[in-house]
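Each chain carries a letter (A, B, C and D) given by its place in the written order, and its residues are counted from 1.
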Amino acid sequence: MSDTKTQNWRSKLHDIIYEADTRAGKAFDVILLIAIIASIILVMLESIKSFDEKYHTFLNISEWVITILFSVEYITRIITVKKPFKYIFSFYGIIDLLSTIPKYISLLFGGVHALAALRALRLLRVFRILKLARYLGASNLLVSALKASRAKISVFLFAVLILCIICGTVMYLIEGEESGFTSIPVSVYWCIVTLTTVGFGDIAPVTPLGQFIAALIMILGYGIIAVPTGIVSAEYTALGKKDKNPQIPPIPLNSQSCENCLAEDHRDGAEYCYNCGEKLHF
Amino acid sequence: MSDTKTQNWRSKLHDIIYEADTRAGKAFDVILLIAIIASIILVMLESIKSFDEKYHTFLNISEWVITILFSVEYITRIITVKKPFKYIFSFYGIIDLLSTIPKYISLLFGGVHALAALRALRLLRVFRILKLARYLGASNLLVSALKASRAKISVFLFAVLILCIICGTVMYLIEGEESGFTSIPVSVYWCIVTLTTVGFGDIAPVTPLGQFIAALIMILGYGIIAVPTGIVSAEYTALGKKDKNPQIPPIPLNSQSCENCLAEDHRDGAEYCYNCGEKLHF
Amino acid sequence: MSDTKTQNWRSKLHDIIYEADTRAGKAFDVILLIAIIASIILVMLESIKSFDEKYHTFLNISEWVITILFSVEYITRIITVKKPFKYIFSFYGIIDLLSTIPKYISLLFGGVHALAALRALRLLRVFRILKLARYLGASNLLVSALKASRAKISVFLFAVLILCIICGTVMYLIEGEESGFTSIPVSVYWCIVTLTTVGFGDIAPVTPLGQFIAALIMILGYGIIAVPTGIVSAEYTALGKKDKNPQIPPIPLNSQSCENCLAEDHRDGAEYCYNCGEKLHF
Amino acid sequence: MSDTKTQNWRSKLHDIIYEADTRAGKAFDVILLIAIIASIILVMLESIKSFDEKYHTFLNISEWVITILFSVEYITRIITVKKPFKYIFSFYGIIDLLSTIPKYISLLFGGVHALAALRALRLLRVFRILKLARYLGASNLLVSALKASRAKISVFLFAVLILCIICGTVMYLIEGEESGFTSIPVSVYWCIVTLTTVGFGDIAPVTPLGQFIAALIMILGYGIIAVPTGIVSAEYTALGKKDKNPQIPPIPLNSQSCENCLAEDHRDGAEYCYNCGEKLHF
């Protein structure tokens, strides 16, 4: 009997932490989001020396509060899931661990807290949380368009890279070391900076021939920036059309997460996990 | 009888100030536009020190002329509308007030005239005035396309922001303070400058590893700039198509503004306000 | 009889100079193009001090050769056309004159030869000459797409300008004169440099708040660069479709130019000018 | 008999080196790819002075190993093909030679090894090797879209160039030599840097009029960057549509290369070269 009770208690906690269809689940997600943002702001403030000197104690205490909160969340996540190792070695599991432990390690060694920057990766959870909102569709279509044009964009970026290596080498031979083109890798770096129209200006050609070739590279970059845009644009239009004349109506999904295998995107009203057959509860 | 006269007088002024279908209304709008542009140029000239020293008296007098003109306009707007508070607390009402009072306040305290820069916001009225012209359609379609792709662009910009926070932190750890990456916020700022292909060059990586990662960020930025373009492009094409095969012919609108509730975009020939039922006059 | 001869002689010269359907006409166009490019290169070389000092005599003589050639061409154009004033006050007529006279004026006064830079405008003739080639279609469709989206792009650029004025003023108030934001016009200039993702870096924000707002401006600029692209892309697709399913087959045009009114784009086989009724000859 | 044996041996080697359908052919391609990348990295490392000083002997030996490998490959390619001169004077033949000989020449003269940078061109072979993979389709469509829009983009880039010459000359006249606009070519270079939104900042306008015109150029550049994107986007969409509703199913190709004329892209199952009638073997 007590076992069932534990079961229920664990099951409820699982719903709150992993899902967002209940009121408590939504509240948990929002609080988690605020904690993540607060933790990132803390790391940022800590990196500003003048600020750190003034409010060191305050920052340190806040860091510990956040770290303990995250630790509690991490342990609860492990407890409430049926196959803890699946969570621990999942993408989010590793990020959760890495963004929690640096503070503990900093007790033994110093200065490892730079790893705390990994917390920024936890922001990716926002997408899961925002999934609930109307952004879901937008985000999915975006990802689909990018996936569909992945091969084409890879070919394009690869061609750009070869172009940069060739142009970079040419510029190195022309400009020489006085202008800042100290080696071929630096030249290639300059070429990428120029072709992508970023143009820092820390290195810039000074010889007439170098400036002429730089101008050619820029006009080329200006012309070929059209290519990835054209690709994504076409894919997006194509996907959008499919989206508007669907043969099969889109299946409404909910934010349920299987207790056993962590699979998501179950359809509304599904009783069993489509992945492992585990019973789902609402 | 005198009451009806006042009514007529107020009604006529309302038509001139708030609408642009009559000759006097058009003339008023053009004069107002010129006054707004003149006032902005004045604030700009005042900010140039060498110019201000030479022509201080001229600038001061012109400022007062413009301020008094705007005050008169503001008061007339309040008088001629039936529900003055609706205007006062509307977007344009607040801007009109804020762009008029700084000069008065500067009599009591000094240096508040920087607020006069808010006058630039009055330029937005231009859109209302240009509505009359053939730009109306263009502007509306543009706004619709942007509205339709708002959710998608938000998701995209949010993803870019997370990317910048992660990359910025990495660059801070690699480059350190000697290269100008003095804190994580500054690093994130640099990352935004780079990813958006602006590339000021006030901060630039100097270590080979930093330059390598910077090159990756740039190529990434070059690749993903295609995403918002693709989104807007697709939305715009979709909207344009709807526009060209309209099931329902577009309703011709005029520039009437309801005296009671300030609602606009009444259809040609409408006798009553679609929003509050107030009688419209021509 | 001699009059008819003169007529014939004038008519033939007209065909050579103004048209490109005959062999002599094509040859003339190519030679003219080479002369224009040579004249531009001369002006460029002259502006390089070290080069000018070495080869001053050579440059001066070449300049005179080109100038005399252009003068002869200009006079012939006036003689061979029936209504000379129409040519003289046409766009090309004015450019032809302005790119020829500076050298003569420099005999009386010094240093006016900077006007010779106007010769670059003569390069626009290239489009007329290239019209003959397969580029005709491409160039026309391009111009049509730009014309069709003119109103929309104007609205967009105007909105961008207002945004720059507002942001520029805000940055001036935040950054102050130490960072290089010396006046509002300079701030607006910086804002345009940033929003268009050019980013010279001659002026860059140094305060945290300034950098934060600069980051917002950049992300905004990154997002809205999609708008003109989307507009042109949609117009171009629409025009291209019309082009491919034409109800009326495109009329083949030739490079005939009416001797009387200079009208161009006559259809193949036309006997009389569509504009003034003058007889055309082949 | 021995002749047939030689024939077989040559034929087999030909299949390995020029084709990629056999296991040995694939392995050869991968090894060649690794060798090319290694050779490029070697040239890059050599150009870094501090690195070259430390590991000069190691770099020199590695260079010789790579050079000998490439020499062997080059000679084998000549032997195994039926018409060696066709290979020697083909694009890849010349690149292969030029990227191999510099090391030999450096024995006689010094410092010619800069030519080794030409090896980067060998990277283009990657496209042939990757052709086998699913990238084939993507790469072909990309090339087709670029070819289809070549004429239009040429017209566009030409118009941009004329614009840059005109604007550059104007900026030279306005800014003068104090601001870095030392000659018209430099001004044109600056103009290209600005219009393409690269913006190095090594040269930047300082006079108010110069900054005003620079702002106009930037806004123009921001507006017209839409043109090539629109062109490619439209072409790509059009090509993609044709691709999806093909009247004729796409013919499956293999990586066979004719021993006689080096023609590629033979259809699966073809027995004879479509170009010269030579028997193909598998």
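The definition used in the following text is that a contact is a pair of C-beta atoms (placed from the backbone, for glycine too) under 8 Å apart; a residue touches a chain by one contact, two chains touch by 3 or more.
Nothing here was measured: the structure is a model prediction, and the numbers come from that model.
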Two candidates, A-B and A-C; the one with more touching C-beta pairs is A-B
Among B-C, A-C or B-D, the pair repeating the A-D interface (over half the contact pairs identical) is B-C
For the copies chain C and chain D, the interface residues, called same if over half of the numbers are used by both and different if under half, are different
Cα centre of chain A to Cα centre of chain C, whole Å, reads 47
Chain centres from averaged Cα atoms put chain A and chain B apart, in whole Å, by 33
Residues in chain D with touches to at least two other chains are numbered 156, 185, 188, 197-201, 225, 229-231, 233, 237
Contact graph of the chains (line, ring, star, complete, other): complete
Contacts from chain C onto chain D in the complex sit at residues 40, 43-44, 47-49, 114, 117, 120-121, 123-124, 126, 130, 134-135, 137-139, 141-142, 145-146, 153, 156-157, 160-161, 185-186, 188-189, 192-193, 195-202, 225, 228-233, 235-237, 240
Chain D contacts chain C in the complex at 151-152, 154-156, 158, 162, 165-166, 169-170, 172-173, 182-185, 188, 194, 197-201, 204, 208, 211-212, 214-215, 218-219, 221-223, 225-227, 229-231, 233-234, 237-238
Residue positions on chain C within touch of chain A in the complex are 197-201, 229, 233
